[in-house]
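Labels A, B and C are assigned to the chains in the order they are written; within every chain, residues are numbered from 1.
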Amino acid sequence: MNRKYLLTALTATASCLLCAQETAAPAAVSAAHASAEMFTVNNLWILLGAILVFAMHPGFALVETGLCRAKNSVNILAKNVLTVAIGLLTFAILGFNLMYPGDNWILGHFLGFGGFGISAPEGAAAAIEYNGGLYGYWTDFIFQGMFAATSVTIVSGAVAERIKFNAYIIFAVLYAAFGYTLIGSWGWGGGWLKELGFYDLAGSTFVHSVGGWAALVGAFLLGPRIGKYVNGKTHAIPGSNLGFATLGVFLLWFGWFGFNGASVFSAEPVMVAYVFTTTALSAAAGLVAAMATSWIAQGKPDLSMILNGCLAGLVGITAGADCVSIQSSCAIGIISGVIVVLSVYFFDKIHIDDPVGALSVHLVCGVWGTIAVGIFSPAHALMPQIIGVLAVAAASLAFSGIIFAALKKTIGIRVGKSDELKGLDISEHGMEAYNGFQIFSNE
Amino acid sequence: MNRKYLLTALTATASCLLCAQETAAPAAVSAAHASAEMFTVNNLWILLGAILVFAMHPGFALVETGLCRAKNSVNILAKNVLTVAIGLLTFAILGFNLMYPGDNWILGHFLGFGGFGISAPEGAAAAIEYNGGLYGYWTDFIFQGMFAATSVTIVSGAVAERIKFNAYIIFAVLYAAFGYTLIGSWGWGGGWLKELGFYDLAGSTFVHSVGGWAALVGAFLLGPRIGKYVNGKTHAIPGSNLGFATLGVFLLWFGWFGFNGASVFSAEPVMVAYVFTTTALSAAAGLVAAMATSWIAQGKPDLSMILNGCLAGLVGITAGADCVSIQSSCAIGIISGVIVVLSVYFFDKIHIDDPVGALSVHLVCGVWGTIAVGIFSPAHALMPQIIGVLAVAAASLAFSGIIFAALKKTIGIRVGKSDELKGLDISEHGMEAYNGFQIFSNE
Amino acid sequence: MNRKYLLTALTATASCLLCAQETAAPAAVSAAHASAEMFTVNNLWILLGAILVFAMHPGFALVETGLCRAKNSVNILAKNVLTVAIGLLTFAILGFNLMYPGDNWILGHFLGFGGFGISAPEGAAAAIEYNGGLYGYWTDFIFQGMFAATSVTIVSGAVAERIKFNAYIIFAVLYAAFGYTLIGSWGWGGGWLKELGFYDLAGSTFVHSVGGWAALVGAFLLGPRIGKYVNGKTHAIPGSNLGFATLGVFLLWFGWFGFNGASVFSAEPVMVAYVFTTTALSAAAGLVAAMATSWIAQGKPDLSMILNGCLAGLVGITAGADCVSIQSSCAIGIISGVIVVLSVYFFDKIHIDDPVGALSVHLVCGVWGTIAVGIFSPAHALMPQIIGVLAVAAASLAFSGIIFAALKKTIGIRVGKSDELKGLDISEHGMEAYNGFQIFSNE
């Protein structure tokens, strides 16, 4: 159960990047990986990365709650907090060993499985030799486990305000346990996409588009919310708490420093700081670009577009944060910020109802960020990136399509009309989120 | 002022755990504690742990605000932010030296005091020799100081919506300064419970049940809120902002990684990551178990039960996060999640009104988590755990009982009936939390 | 592009402090800066400091949103999230090289510029030799870049609820790019104030008063909000969400540990932990002092005063967190907490309308904290501190005055009367923050 594939790639990328940047990591830093102290520092950073990725979950929860109506808040909050638990538990039971099968490949480098449960490798030296002495086994589990819930959480946003709670739970369990992990094994687990030269640092594809394709399937099969598209016209359904939505975006940006920064899998000073810089600049550029785009298109700067522009920049830079130049990171962010706004208009035009803009942010910019590696990184070719995007699209669409279609045929995926109008908080949970506050009946 | 007692116990536990897990920390890692680099890394992690524990305080504040009514929000927020200040200041003035008296025991190993104020030990080598070279004096102070406020904050939740602000302040000062610290010295300060073999990694007993017993006394002496139990029937008083409550739980979970993880008192890679893993899995298991229990009992999955189940799992694993197996951590979480729901029903049945479920989460699961160490840890016996639970119960009940009873006899602890109906925000602070929002008059 | 000036000063301060405290950093710790491991640890802490300073931005956003009216929330949130992007982008384009010109001084030690854009120094050893081997180039950029937005964010609070969005953007770009950076270069960039012996650890002057003076100019030129001062009487305009305001203060306090703690520019155990301790105690003392002052003055403990007292203590300790005694840190906090309340009354008396108390917190306590270094630190003289305060006041007032006056003459800085009454959310952004909630029309 090692990930030497990944590490080799990272080292290769690093030297390429540093060469491109005409700087170089001090030899002393690289050589010292073997020391107990360096092991401890690297390990500590990955652990902190796990906490930071965890902090993205309240971010997702608040963005979704804030951009949806008050009457569905309890349901949204329940889905989001539950998704973290599902991600962690399924990853412990089998996900970790599906995604990182080590040498236990069953079907070429397409499907592997290292067995049920988690247990550290035996022997005194196992911890320090694990993955080249960069970090320990449990550190690896908890960091990767925090990622496991994120792709499903993306789906949560697109299917909000109309999906049945039990259908969502079943989907979340299956997609977190088998979908995210199997597809991820192709790259991060050392599978066939890795061998092809496909590169995705922290998950523009393996997290965001894996979630995004499933979100597309879910939103399509569910159909739009009542009242969203009437007689061919789009009716905006404004969010109930833009304060929550903004705080959520801040938390996501905050956590993204760990998401991208700890995906370097060491505390190597130059690499981590460089990833922080490209991540922050792409987010800032995406935010400004989306504000400008919405200002031009709508006549006024739209806060939800500003927020989605920030997230778009973050998703866009995630695949290549360690291997594109500073200027390229800004370009990636700007393009992400423009296309996220256009994409929101596009999905409304084709009547795919996505309450929070998850498709535009995670799917469209996830694909864009993956392709951008092939365009902007001196170390990577375009073709493997395109193949990776298409292969992951096919697998994600197929996998989520089968689950959602099966659920639709059996227990059903959409709440009844009166339940939807009443709100899922009352119909699914028998409680409300803002007791004592006067809320308009139709919202 | 050293804590060699604690460190010896931790090392013993570590070897036990690692032995049980058939792994071992690389010798190099342990041996290297003496180096300046290792000292710096260990110290940095404890400092980060202090920040993470700090982050639990907004978590407590939001859970309590969210689960109570809008008309008491200002009061709750004021109590919570003030409690942090009280905890830090009393700990600096005398709490630190009461809790960690070093060799300055006055009454057996039952009461010690190292003097007023805080000042680092003298001499060039003091910092690095302090506690075996793991971290510095000020680091120790700030990490422990962040804990000092947490037990009192637990009380805050159980006495919410009816306690006088001035009575709460006096209780908080006395309990933080003398109650939490004196009782804690029995274990973490190297006192008689420590010598007995009692084990509590991060405070299932010394934080959560110490707060929980006082919360029980407070809730009992105050009596239930007006309208909660009428003619023998329980009337649910739903929370005003489930968004805040959920964010609060996320913040608590986030901070708990530092609460438990830095209680290892070093950045030792295997130990910290293992504690992260057991902590996360117990929280996840508690969440799912509480959801299932409430779904079965109430017919629908209740968000406040889901949230309390998550916290229950966290409280339950806190005593033994470093010394139980992965499977045991899940078992502890599941049991915590079931009993927290049953406990909420039980306290309502006996008409103890606890607006946020603090008794069920912190007291019941704090006791359970402490006992669980005796059941699941191969390194610890059951009897010392039971003795510890009982001794801490007796001391906490007596101490908080004396304070609350004295306050009740003198200045009074409960606001007047009309003030309670009007809300404590207006009556105690002359202001409201949500100005401009239409709030129902009776909420 | 080195900051040896700063580092020398820090080392001098450290030895002074430690001498005053009769402790000493272990020689081994200081000597080991050269090792790759120590470089990595130091670098990691500065990177974490960058994340923590980032976390202050949601804090600013929530404090401002919570203390203002619901009808201006979207505008406030948009301003705050945009300010982070502006700070980062302008800092990358030219701010970093204006603030830290290295040897590229143009006008004495008063104005320097190292060129456009950011790029790491060349050569294999550059990273490790950069700034004495304490941390890398990109680490330096991202940490300083996170600071760049903070001074402008302070202005945002004082001009809230009436400034035009486009005018704010232009001001923010110019002040972040040229104002904050040029003035900061005088001290942190090794300029003339540094040479004079002026000391400001983390920005009581260079962040808080630089923002505070501009906030004063903005609030003065804009005039008070409609209805705030009528017939010579002050009408309180209560905040819409004290939950947000309190969470914001908690986030600011949380981030401040990085703001002050990483301004030590290494992970040196004694220094960082000492700064954590003084920072926490000053905040706690300020909170309690402001509560007491407001309780005496108003008859009831005012939550917004409690919150501002906490922030006042944080701003007050920021200049000298590493060079005053523990007792002095408490004294600084108490005085900050008293003067922040009196200052709020004072600004209302002279009819300067500051919706969130930014002038009292950041300007008054920023000045006080800077002077306090001259009073309480054994290593610093009073006169350079006074000169620094005055010079920065003059420059900030002049710079912000020119920008705001020019904007007022051209595009105008204040929204129209009906737009202000309607709220900036509708008039500037065409959307509302709390859809579905019943909000009073006049709020």
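The rule is simple: a residue touches a chain if its C-beta (ideal position, glycine included) is under 8 Å from a C-beta of that chain, and two chains touch if they have at least 3 such contacts.
This one's a predicted model, so the numbers in the text were calculated from it and none came from an experiment.
Between the two copies, chain A and chain B, the C-alpha superposition involves a rotation of 120 degrees in steps of 5. Chain A and chain C touch with mostly distinct residues; of the residue numbers seen at this interface, under half occur in both copies.
If you average the Cα atoms of chain A and of chain C, the two centres end up 33 Å apart. Counting only residues that touch two or more partner chains, chain C has 35, 37, 41, 44, 48, 241, 247, 434, 437-438. Residues 21-29, 31-32, 35, 37-38, 41-42, 44-45, 48, 52, 69-71, 238-243, 246-247, 249-251, 253-254, 257-258, 261, 267-270, 272-274, 276-277, 280-281, 283-285, 287-288, 291, 298-304, 306-307, 310, 326, 330, 434, 437-440, 443 of chain C touch chain B in their complex.
Taken in their complex, chain B has these residues touching chain C: 35-37, 39-41, 43-44, 47-48, 50-51, 54-55, 57-58, 61-62, 65, 73-74, 77-78, 80-82, 84-86, 88-89, 92, 117-128, 135-139, 141-142, 145, 165, 241, 244, 247, 428-438.
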